[in-house]
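First chain A sits with chain B, and in the next complex the same chain sits with chain C.
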Partner chain A sequence: MSTKSQVRESWGTSYGQMVWREFFKSRLNTACMIFIIFLFAAAVLAPFLANDKPFVIRIGGQLHFPLFGDLQPNDYCVFLAAIVGFCQLLLVLRNHRRVEPSIRGRVFWRQVSINTVIMVTGIILIFIFVPRRLDATDYKSMVASGKATSAYFAPVPYGYARTDLKSREQPPGREHWLGTDDVGSDVLCRLIHGSRISLSVGFVAVGLSTVIGIIIGAILGYFGGKVDFLGMRVVEIMMAIPTFFLIITIVAFFPRSLFNIMIVIGITSWTEDARFIRAEFFRLRNQDFVQAAVSLGLPLRSILFRHMLPNGIAPVLVNATFGIAGAIFIEAALSFLGFGVAPPMPSWGQMLSLGVSTTGRFLWWLTLFPGMAIFFTVLTYNLVGEALRDAIDPRLRKAA
Partner chain B sequence: MIPTLLGITIMVFAISRIAPGDPVSLSMGPGGQLDAARAADVRKARMALYGLDKPIPVQYAKWLGRVVRLDFGDSLKHHRPVIDIIKERLPITLTLNLIAFVLIYVIALPVGVLAAVKHKKLFDRFSSVILFMLWSLPSMWVGQMMIGYLCGPTFENWFPPAGLSSNYADQLAFFPWLWDRLWHLVLPVLCLTYSGFAYLAKQVRAGMLDNLRADYVRTARAKGLSNAAVVFHHAFRNSVIPVITIMATLLPAMLGGSVIIESIFSVPGMGLLAFEAVTTRDYNVVMAVATIGGVLNLIGLLLGDIAYAIADPRISFEGSEL
Partner chain C sequence: MSEDSFLLTVDGLSVSFFTEEGVARAVQDVSFSIKNGKTFALVGESGCGKSVTALSIMRLIAEPQGKIVSGKIVFDEKNLLELKEKQMRNIRGNKVAMIFQEPMTSLNPVYTVGNQIVEAIRLHQKKPMEQAWADTVEMLHKVGIPDPDRRVSEYPHQMSGGMRQRVMIAMAVSCQPKLLIADEPTTALDVTIQAQILDLLDKLQEQNGMSILLITHDLGVVAERADDVAVMYASRIVEVAESKVLFEGPLHPYTQGLLRSLPRLGISAKRLQTIAGTVPDPLHFPTGCKFHPRCPIGNSDKRCQSIEPRLRQVCDGRCVACWYAPGYETEQEKKNTN
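Our next item is the complex of A and B:
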């Protein structure tokens, strides 16, 4: 009689579990993961961490919840995405315990597609039904004047777009923990909200470049010959133009927005991925399982992405992690040069550029803190990339 | 080489044409719309003047024809031929990058070799951590911190914060002038260098470690060769080859990086030119800088290939499978 646990033992350890274990062997990697989770939490919960509206306030004997009322549609979208993503993570963990290895991949893709549908419909519904509100009430002065009582504010009680010219360019102090910028906005608050921009640029841009790179690399590697020759010329051209010049050129000609920056970084950084995938597919093309898939008459899509891709994705995953660090850096550099998101939106690079004020004064808190935010985020992703490379594929391990 | 060159020009041209808006409506500005009928006439005339009324391929061919003769048109901001401006700016960026390049190799090779030789010893661990952090340091942050802490009135005032020479530089004799120039170059070059040498040293170390474990090194040691001979004569020579290819990947990063560094330190080079051109929407300059950047980069790649072939006689580019 075989119990459940015995069945599970006969499944053995999956590739994912092996990578997971190898990865978390090191304490440094664990610390990096914790930092990334912390960053994500800050980005998702930004309105609850730094907001000039109180959670609860009593005005004239009546309880109000201004912070919750002031949440914008995109805040709800972020929450929805976070919840769905978290559920997907739990489902993956559950799959490893409950689902047999042979069908695990199929189950996983079904879950992903269902969750994507939920997310997309949710976002559409949110944008249809949640109104854009603008609550300009100054609750703090209401509390100060005694009109309102029992107000509970967020830990950082400032809004990222709220300007206060009376307290501009203040060094860190009790009032503003990390000081204020040139229009009197709180630096800590803007840092917290800025993490949203950095992370979203990082992930969307890298997602885009990875998808483009995989598709192009797969086609070049699988077909070879003339297709490969022509395709590689295009890749070479892309690689020959200095990426940052290209990005700046595109940014110069197109209107500036967060969306454009994501796309620009995405379409300029796919060449590495394409080359990795192409090399892997060259190697895999003549192997038996691919030949079998071809002779079974499977459609090309299935051969490329179902049979070959899972065997060749490791270097791309590693590259994606470095890519996130790179994209965050490029976004910060663009914002620093003034080509980033428009000013009331907080971005780390744009905050950094305020470090030397227009009068030439050096504001160390506006240089140190955003710079540290960029540095630690980039460093963490680079460290995770190195660790993943070691964990995912011993072949890639450069003598450590 | 030539197809790649053509591809670069096509891409630069395509970006400028896909983009919304055109130079004519930009140069006419909002005032051009006061009298609609007249504005349309002026617009038409200007489109014809700049050749923008022709089909796109014809426009491209004409543009390419001019580019080949190094005629990039006039700068919309400076009202001078773009090529003249570039002639002034390019040497500065090239000097800056060449100095940085030499420094990168001079620092990275010994550090990488030493780290590999002292594998898992104190120096190796220490240098690995430092290099990794240097590699992740955003250059705009470092640049601004340096300006703030080392060349401002607030903290230390050791270095000049901007430019390439002091105001009185043209009255100086040669050596004081050189000293003044070097003094101005220290911080920008430092900023351009550190991330490159961190990356390169990591690669050198990895390559050296691979080679130090190889059988032929063990043979060499077994023969009784000295440690120095084994390290420098056997292992180092073989690990230098991949380092040369890295040159090709370093170059575009450095050219891009010079945009940030030059605009932080107000060094009047290509990077600052690109930055100014983008902020003032000086399209001719933007296109020229992108094209020339691409060409420079190609030259770098070519040099890398040649150096590669010289360093390793086994490599030939005839009939090789790409």
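Our next item is the complex of A and C:
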């Protein structure tokens, strides 16, 4: 045992570990990460936090579990993805303690591929075997009328698609903590469910644009010359187009769906990433260790993505965090203008747009709370991006 | 194979860089041959084209600015310049390997040293992971890294310059190449480590029977280690000879100048001699013999100023490019000039 721990002590600190330590030295960064984890938890657990179905209810002496019965296939997919993602995170932490650094990369990719397979098959199975259910029973009136007893509701006992014209446009109060909107839906409930939209738009759109940007940037940067010249002109043409209006145009032609918005944001915002990666690859191409890798006869794939990319990814990672904030913002703006997700799907931007009601009354709670949610999320991602840049930049590290 | 068979023959190699300021002829008409199992040294000042020559052999010239304009590089009876990129990849690292000048930057900072050596072994020798790993540890042991079991999983930043250069050597010789190109392998290291690294190269050469192309500007290193020497000046080879012969009687005024500028044991001189002037800019080479502005004979000689002498064999195994070298001119030319 002692020899084993001795061996472990002698393992070198990897670049990732150094960045990690540097990042968490600051309290603000830790707070930001906690806020992001909190957001994630809210998004994943949304059906348990805000739902008009009770966890447990006793009807006629028999126990029912309507909330669990009402979970949709996409809810199960989110849970599965969250669990697999969480396990992968734990595995990465474990790898750093248990796995010898030289084979860590190999082990990591094996774990990722196994987890991806699990996730994909899981999602397919869920869509095959879990039926879409619609439980329209009004459990609350059952409790009120005494038909059912011992019901345990979620902390916010309203569904996001609930319409209740009797209680519309109510300011924050005891019953609706953050008020209700123009059709009587609970704002807090819609805020919680809306975080799913915002986060998924942020991550999927940025993931897509980053992958496109990396591949294009890597090719331009490594080959240079004519390839680079032509490629950069294409990138410049892309950059010259005002992205937001392009997105509005495209979205106007296609059906309103979350999926379309993600794809459109993804394929219009890769230019920054491509330029960053290209610049990094220009610098790296003449570095000795890349020359050494070429002189060892390694294939192009290995040189580009194994030897150059990890050394040039830092600016793209930083940009990705800003990108997430940007994508959330674009989605909010689109929804505000009415091009976003279709109601009753909740989205922060869409809620914001309801702040001025049809009667001309200004509903401050419909502007303030979604606005704050957007503001804090975007701010947090920007702060994380900034902190990541500082943690990654070795010059700043030495100076500190 | 006979002892004198050639492993690598470079014939009439010319490399140019096309920059915005003009064409830089970094290497012009360079020819030499490396014998099996011997060390061939390429000596010259910075910027004379030694490294470009080495990179051309590996076909690592940065395109599109740099281009091999003409020439042949024959290795193992194949012209490397005609091979497809895929075939070339099989030669790099496997048959011809290279060590770079700067050990601090020639290892990838994000991988452990073991990781980097294993990748090359697995690629070229198709060995399973465990076998390749064992080979790597043994290789590190061979190049004199203490405690290789532990060191194999360290990152480059945990090692000193000398250590890293040993790792680089281990990486280069891990697939038993036939030719090792060492591009100033000791320039960035301090003197005691220099000797150790060169001894290590000697030892590995003895074990593997490989040839070494040693690129250096250190004549002391050449005198000790090399079997044959070529001296380069401003993109051309000016003199080729066996190293013993060269040090006993250099023929080219540049080589003579270089040797005079070395401190010598037993001879007390107040001041070391220098060669006046600097290496010409490759964008604006002087006409005629490129050395004539700095040459004690050539700077007032019309012919040196106008006609560039080609490398020519003057006697067995000795080539030189100077109008005034004994035996350089044919009778015919002597008549013509007189």
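To be clear about the criterion, the second predicted complex is superposed on the first by the 383 of 400 C-alpha atoms of A that agree within 3 Å, B and C clash if a C-alpha of one lies under 4 Å from a C-alpha of the other, contacts with A are read in each partner's own complex, and residues count from 1 in each chain.
As a working rule, a residue touches a chain if its C-beta (ideal position, glycine included) is under 8 Å from a C-beta of that chain, and two chains touch if they have at least 3 such contacts.
From a predicted model like this one, the values you see are computed outputs, not experimental measurements.
By the touch criterion defined above, A:T249 lies against chain B but remains apart from chain C after alignment on the C-alpha atoms of chain A. When the two structures are aligned on the shared chain, A:N311 is found in touch with chain C, with no touch to chain B.
Looking at the shared chain after the overlay, A:L379 reaches chain B, while chain C stays out of its contact range.
Legend: residue contacts after superposition of the two complexes on their common chain; A:G105 is shown touching chain C, with no touch to chain B. By the touch criterion stated above, A:G297 is placed in contact with chain C alone, chain B being left untouched.
Counted by residues of chain A touched, the larger count belongs to B, out of chain B and chain C.
Of the two partner chains placed by superposition, only chain C is touched by A:W11; chain B is not. For the contact definition in use here, the chain B contact set and the chain C contact set of chain A share no residue.
Interface of chain B with chain A (complex): residues 3-4, 7-8, 11-12, 15-16, 18-20, 132-133, 135-141, 144-145, 147-149, 152, 154-155, 206, 209-210, 213, 251-253, 255-257, 259-260, 263, 274-275, 277-279, 281, 283, 286-287, 289-290, 293-294, 297-298, 301, 322.
Against chain A, in their complex, chain C makes its touches with residues 58, 60, 62-64, 88-94, 97-98, 100-102, 105-112, 114-115, 118-120, 123-124, 129, 133, 150, 152-155, 157-158, 168, 171-172. Contact residues of chain A toward chain C in the complex are 7, 10-15, 100-103, 105, 224-226, 285-289, 291-299, 302, 306-307, 310-311.
By the touch criterion stated above, chain A contacts chain B in their complex at residues 229, 232-234, 236-237, 239-246, 248-255, 325, 329, 332-333, 336-339, 349, 352-353, 355-356, 361-362, 364, 367-368, 370-371, 374-375, 378-379, 382-383, 386, 398-399.
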